[in-house]
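In this document, chain identifiers A, B, C, D and E correspond to the written order of the chains, with residue numbering beginning at 1 in each.
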Amino acid sequence: MTLVLLVFIPLAGGLIAGWMGGKDSTACRWISLGALGLDALLALGLAFHYLGGSGNPGDSRWFIEWSQPWIPQFGISFHFAMDGLSLVMVLLTLFLGLIGVGASWTEIQERVGFFHFNFLWILSGVLGVFLAMDLFLFFFFWEVMLVPMYLLIRIWGHENRRYAAVKFFLFTQASGLLMLISIVALALLHPGNGQGVTFDYNVFLQNPLHGPAAKWIMLGFFVAFATKLPAFPFHPWLADAHTEAPTAGSIILAGILLKTGAYGMLRFILPLFPTAVHEFSTTAMILGVIGILYAAILAFAQDDMKRLVAYTSVSHMGFVLLGIFAGTDFALKGVVIQMICHGLSAGAQFMLVGALYERIHTRDMRKMGGLWDAIPGFGVATMFFAMASLGLPGLGNFVAEFMILVGSFQVAPKLTILATLGLIAATLYSLRLIRRAFHGPRQDEKAYPDLTLRERALNGAFALGLIWLGVYPQPAINAVTPTLKSIQSSAATPMAEHNAISGESQ
Amino acid sequence: MTFAFYLFSCIAILATAMVVTSRHPVHGLLYLVVSFLAVASVFYVLGAPFIALLEVIVYAGAIMVLFVFMIMMLNLGPNVASEESQFLRPSVWVGPSLLCLVLFVEMIYVVVSGEPSATAAASEIDPKQVGVALIGKYYLAVEFASMLLLAGIVAAYHLGKRSLPDETTEEAIQ
Amino acid sequence: MLNLLWTIPVFPFLGFLILLFFGERLPRKILALVGAGSVGVSAAVTSLVAYAFITNPPEGHAFHQVLWTWISVGDFHPQIAFYLDALALVMAGVVTGVGFLIHVYSIEYMGTDKDFARFFACMNLFVFAMLVLVLADNLLLLYIGWEGVGLCSYLLIGFWYREPANCTAAQKAFIVTRVGDTVMAIGFFLLVVQLGTLDVQGLMERAQSEWGPASGMATLAALLLLGGAVGKSGQLPLQTWLPDAMAGPTPVSALIHAATMVTAGVYLIARTHVLFELSSTAMMAVAVVGCLTLLLAGFSALVQTDIKRVLAYSTISQIGYMFLALGVGAWSAAMFHFMTHAFFKALLFLAAGGVIHALHDEQNMFKMGGLWKQLPVVFWTFLIGSAALAGIPLIDAGFYSKDAILWAAYSSEHGSFLLWLGAWIGAIMTSIYTFRMVFISFFGEAKNHVHHKPGLTILIPLIILAALSLVAGFIELPHNMGHIQMFSHFMGTAFESAGEHAQTMAEPGGEAMFQILAGVGSLAGVLIAWWFFLKNPASADSLASTPTGSRLHHFWKSGWGFDAFYDKVFVQPFRWISEVNKADIVDGFYSAIAGATQLTHSVLSLTQTGRVRWYAAWVTVGSVMILGALLFK
Amino acid sequence: MTVLPVNGGLVLAAGLFAIGLLGVLVRRNLLYTLMCVEIMMNAAGLAFVVAGAKWGQPDGQVFFIFILTVAAAEVAVGLALVNQIYRRFHTLDNDSTSSMRG
Amino acid sequence: MTSTDFLSLLPFIVLSVLILALMGEISYRRDHALVAWTTLGGFLATLVSVLVASQASPHTQEPLLVVDGFGLFFIALLVLASLPVAALAKDYLEKRPGYREEFYMLLCTATLGGMILVSAIHFATVFIGLELLTLSLFGMIAYTRTSGRSIEAGIKYLVLAAISSSFLIFGLALIYFELGGMGFAEVLEAVKGGDHRETVLLAGLALTLVGAGFKLALVPFHMWTPDIYEGAPAPVTAYIATASKGAMTAVLLRLYLMGGKEMPTGLWIALALIAVASMFAGNLLALLQENIKRILAYSSISHLGYLLVAFLAGGTYAVEAVVYYLVAYMATSLGAFGVVSVLANKSGEIEELDDYRGLGWRHPFQGGVLTAMLLSLAGIPLTAGFVGKFYLVAAGVDGSTWWLLFFLVLNSAIGLYYYLRVVATLYDVNQKEESTFSPLALSGGVVLAILTLVVIGFGVLPGPFIAWIRDHLT
């Protein structure tokens, strides 16, 4: 029951905030903050309860499960379940949600109620995605989180928000529909558990599908998750969506929505279609590496700061794709850490760019220069998160990228060497960002206010998260170990032999 | 017997062709009446005297009279004829006639193809049998046909009435 | 006492945190105290630990202190742990000692600068990162230090960020070292995948047991580590960033680009020497890289006009010597040269800084001159440093450390005559450009007058360093000159597994002959420098103006054309591709689809003409098609 | 009695149908359109009567009666509409009634 | 007329009595409110009579009608579709000049026609029902005779409907000519019997398909839809989009149930081509359209294309999918056109998309309903449209018609573009000041509220309705 509460508290909060919005705007900001805070407390309570504080959960994979029949004719049920992976993702979602509300405190002025309504609706959609264990319910939440995001970009976005909003929606929705066909095909073609059609995840987990049908179904899933990730050929929507979204939108878009793609791959593609994944893994890894390098080159050339950070997200997600389809124990754990760290570092960078936009009213780096004099606090923060995004050791991103690259080195050494070039490319675009914005001569002599206390607190929270994961990532790794072990064991394919060094008992 | 059939068929085809190509609406109408009469006689040849009669009374009689009234009311004089002539340039004819020809050929192919199934002997179906069917087997359909006529009347009444004082046309308003 | 080891890096880190968060609010005096003080305390603790380590060395001559487990995935459990042995102790000692002196020096040197707090914060962070690098017990923790120092060098080179040239130099430094780091990272992946651990000691045992001598895998791993070392230490393929790094303040150049960071590569190879010993090709590669670099840097230093660039090229050259020593297996000789080099190179940089400070930021040697009268202390300390650098026989530390390397280059079993010859020519070149620098900047007529004399806080570090440059040599005398080999014995404990056999192999007589040759070479260099640059400078200019001479002059000045080459081969193509593809071709593909759909819309909407007959025509066409389909299909 | 020319009847029906259709497509005067629609309806009715005759069942003729009622009702409504159009647009050209397009 | 005959024909009888009652009221004293309320009462009575008739079901009125579970369900559906149309028309006509009472008679006759069509198993009843429905529609489309566009739509619909029904009759004649029987049952075994000329039968089938195609507005015969939808008054457009298409689909469904499962491959391919063409034409024509009624018209064309996919898939879920999708589509179209008719003011309907800018802010209720309906048309979760689309995909997968499924997905992606365009203009920030929407009348508001509840309800809890379909219809 707590899971249902977890998913629907933000929605309730959103409704109240939407309703209050008309009257006074500050009230609905506090309501949404309250709703998210309550939800975060609930999630933390679950975390401490199940992770036993010391960060190594018991061997049973699912912490809690809750199921209620919804459309019995099709064997569809409200089936929520939480394990290590979804717990970590839920915590990240709520953390970034709180930050998002904090970041848009001064930015959103008109129709604040409706903004918070949409914002919280997205969050409950995402929470639903992370907790849904019934494929139909998963698709239901997958689509539910799109419409409010579209409205968020469309109404509160920047200059050409119309184009960006439509592009975002079409890309994700079209690929989502492909996934719908795959889900239904999987449900109908799968022998099921004897009582006719079912959409339950565990049924598909027990005896995964093999043969050519599995290949096509897996491709349907892959296209949807790759578009959301975004992987190489499906990535163009991200740059526009990020550039035009309001700060809070960008934070959760980069922080969480991209992770639903990666989460989907981990949860649905790897365990449900082992043979198909094995044949497809090399192509997917190649796509990942292309994604890393191609997006890095793109990021290097951008003039718009937000667009640059958006392409960096594509590059980081290239690592995730590489790691997932490498499939080794190292890589999968690295992927989870990367998802968290990228959420933090990209979220922080977007927040900073948003705050900068509030001050100098432009995101075009050609009009910036030497801002370190005017706003040194900003300089330090941007430098810190730029270093995080280029994978400076001591911060979470490095640990994640190191583990992913080691994991994929076991499976495909040559590809990994190409991917490691991505680290150099990351340095190029991060330094260019700092160089063009903060170094060099000043272009105008106006005085700008430096980071306010609120902004310092938010940046501090992000920085602490990254340092904690950089220096002591073990609790996060332990939380997801049982999930990843079962993902690997069900994906008991030739890939598993490569885990010679990790000595995982298959 | 069959000679009469073919004679009337030719008359019907010719009359309808004249209807379509006539310039003056009244000429068209008259050719149409001739065509309906020819079709009525075909019915008669085919052994459906009741239907032939109905055709003459309703089609040739009632409907054509309605048309004549309409032409009189709108006093479509010679000016309409001249307007018609420039409408009927040969280029207008080519496309549609090709299309209808193809349709006609397809239909002919359908009718002619394959061995003709057994044709019953020419027996006449007298009005009594039709009456029995109408009242017996199709009684419900007749009821609903009456509903149909009711709908027709209401619609024609509403659309035909003089405009009420407050009903200035929309064009006048804009 | 030994378990105070972890406090050594923590003190500078505390200093960094204080300066970062309270930098603006504290007055300058306290900032200086915190900045220099933290490194000072760390130096004190190091000396205490050193004393404890030397008096009663822990068993196995190494002390291992674990703080916590960093990551644990499968069998791979890197820990945040510190490992102290002779090698680490020497490195830590030099880093904290010289570091403290430089911090004291920069209190006055940077006294007038607005971003005083930011400078000391970065310097403290650098010392912390360097100590982590030096004391790390596994390569992953070393990598944190490794990248940390890279970051600090980037921050400090670009300290005066308003000047675009500085920013480009900083960026260049960070990117080039990052290339090296990435190569090293690939090395780490190889080690993790093949040997399952990155813990240095464990790595060494497993490498020896699993790979054995002359195994391809060992060579590959060693070469990859060499790639990283080359990047950080500014050796042959990746040395272009070091001369440009002089854009930073002089104490930075002294600390980072002379004494400590650039020798990180040497430390890495020394630390993983067992791996290198497994493959002779890797050793040969290190030696060749060292030899070539020292020659190349030597010739370039000869033609520089900026005093700091001369010192930069000389640093590259001296590290070339250390790589040569490592390449031929003379581990303790390399570390001895590292120590002496740290002292006299830091001294030279600080003295040069004093001169620049005095002449109000004038760095061009030809605009100085006649300063020996106006800045006597600076002159004498600079002269001692130059003597040590040139290796003037018997009186200074440079001679002993360089001689040991020259001797090892010839005598050890990896060494060869060719390597010795290159090293010897390099030694001559070194003394020529060193004394060319001395004569041009300190002698001749005074072209520039001194604004204000450097204060005590600048002069005291100079004097201490000068003393060290002289005294340091005597703790490691060659065999034929006396039996004081304290340093090599001490270092031997760190390398005993490799068996310090190189030293004793050749017969004593031969060594004396090589010492004489080395001494004669350096003195000859001084004479040549005196003849060309003091006696009649015109002859140097006439030599430079001949057609071949001027081309050679320009070629050497630009660092043997490496910069232009890299620019043309790597930088321009990358910029061109990214500029061309700025609007993302893949995006073009999708907008083409959108355009096509909208085009079909406008074409289709033409069919809705609004005329009944057109619609009726389409009904007929429809029926004809369906009839046709059903009949003829 | 001789054999019923049923096939001929169908051919006649098809011919009349095609000519009626041609009239609708070509003639721009609304009256003519309505007249041609009547021709098509009549042709369809003829086809039914022919079919009925072939099978000797009265159903064909009953169906013709229904077609008749429908045609009559249609003409009534059609002409009422033609009247409205003439009063509004003062012309019977059915291309004038094409203001809605695109 | 035995008692069971009477019972089973009760709905028809009640509706005919209603029509006569209306005629009496109009002739006695023209009172718009009274006529409207009697119509609503009459429709409710018909619904009750459907329940009563269900006791006597299944009962075939030899040879013309059958009153079985299937027929009664669709009768109820048609009446439920006419109820909101009547309520919306009440508000709509009050704002218009001219006589208002005849409309309700035409509405009742149209519904009667639909009911006949739905329960027909004989060519004659199909023809009569179809013509009754079409004829009443002539009157309803051209009802607001003061607006030139309404008259224009009326004449266009009349001419085209007449042409297509003559095609239909010719087709039926050919089938009758070949098989000698007019009842569905007789025709179907005669086809299986096989002692007939294949070509004449197929030609007859083709021509009937033309008539059906026109009614369902499938591609080659779709061209009338936008003009008629735009010209006709909004409640009538709602009626055309839902009731008339619904009735025709019911006939096709009945034929499908009675034996059309294994249709000749030629027919299958023709239908498949039509379905794909309808999907593409509908979506592509609506892409950049500026008039909201034309957008909804084109989208209804594409939705019929989607529906056809379920027929063609022919798996075990085909019938359920068609019925569920039809109900979802009808509720959504009624809602969407309902909002347009509620917003219409004195001078006419507001159709330009530009006038709707910022409607969501100024009239939150109407904006909300329209958004819900558009999202349902687009197939976004929380709406019946989503479950409908899911059902279509399930049917498609079950019948493994992969190509059709791919086109379905591609088209619903294209469809998203223009549905979102409308939703976006509703919530656009810079509002258009001067577009004067009429205030929300009570009856209109109630209807829209109920329709939204139905759409959201079927989207969130489709279970009960699916269970009902499974045990009643298949």
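In the analysis below, contacts are C-beta pairs under 8 Å (C-beta built on N, C-alpha and C of every residue); 3 or more make two chains touch, one makes a residue touch a chain.
All values reported here derive from a predicted model rather than from experimental measurement.
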Chain labels contacting chain A and also chain E: C
Contact-graph separation of chain B and chain D, given in steps at minimum: 1
B-E against C-D, pair bridged by the larger set of C-beta contacts: B-E
Identity of the chain that, by mean CA position, is farthest from chain A: B
Chain nearest the overall C-alpha centroid of the shown protein atoms: A
Whole-Å gap between the CA centroids of chain B and chain C: 102
Distance between chain centroids, defined by C-alpha means - chain D, chain E (Å): 26
Centroid distance [mean C-alpha coordinates] between chain D and chain A, Å: 66
Inter-chain centre distance, chain C versus chain E - centres from mean C-alpha coordinates, in Å: 80
In chain E, residues with contacts to at least two other chains: 124, 128, 131, 135, 138-139, 142, 145, 148-149, 154-156, 159, 163, 174, 199, 203, 226-227, 289
Shared interface positions of chain B, touching two or more other chains: 95-96, 99-100, 103, 106-107, 109-111, 137-138, 141, 145, 148, 151-152, 155, 159, 169, 171
Overlap residues in chain C, where contacts from two or more other chains coincide: 605, 608, 610, 612-613, 616-617, 620-621, 623, 627, 631
Pairs of chains found to touch, sorted by chain label: A-C, A-E, B-C, B-D, B-E, C-D, C-E, D-E
Of chain C, residues touching chain B in the complex: 613, 617, 620-621, 623-624, 627-628, 631
Residue ranges of chain C touching chain A (in the complex, touch as defined): 20, 68-76, 80, 140, 143-144, 146-148, 151, 154, 158, 161-162, 164, 167, 171, 174-175, 178-179, 181-182, 185-186, 188-190, 192-193, 196, 574, 577-579, 581-582, 584, 586-587, 590
Of all residues in chain A, those that touch chain C in their complex: 232-233, 235-236, 239, 297-298, 300-302, 329-330, 333, 370, 372-373, 380, 387, 392-394, 398-399, 402-403, 405-406, 409-410, 416-417, 420-421, 423-424, 427-428, 431-432, 435, 438-442, 471-474, 477, 499, 501-504
Residues of chain B that touch chain D when the two form their complex: 1-2, 5-6, 9, 12-13, 16-17, 19-20, 25, 28-29, 32, 35-36, 39, 42-43, 46-48, 50-51, 54-55, 58-59, 62-63, 66-67, 70-71, 73-74, 76, 80, 83-84, 87-88, 92-93, 95-97, 99-101, 103-104, 107-108, 111-112, 116, 119-123, 125, 129-130, 132-134, 137-138, 141, 145, 148-149, 151-153, 155-156, 159-160, 169, 171
In the complex with chain E, residue positions of chain D that touch it: 6, 10, 13, 17, 20-21, 24, 30, 33-34, 37, 40-41, 43-45, 47-48, 50-52, 54-55, 57, 59-60, 62-63, 66-67, 70, 73-74, 77-78, 81-82, 84-85, 88-89, 94, 97-102
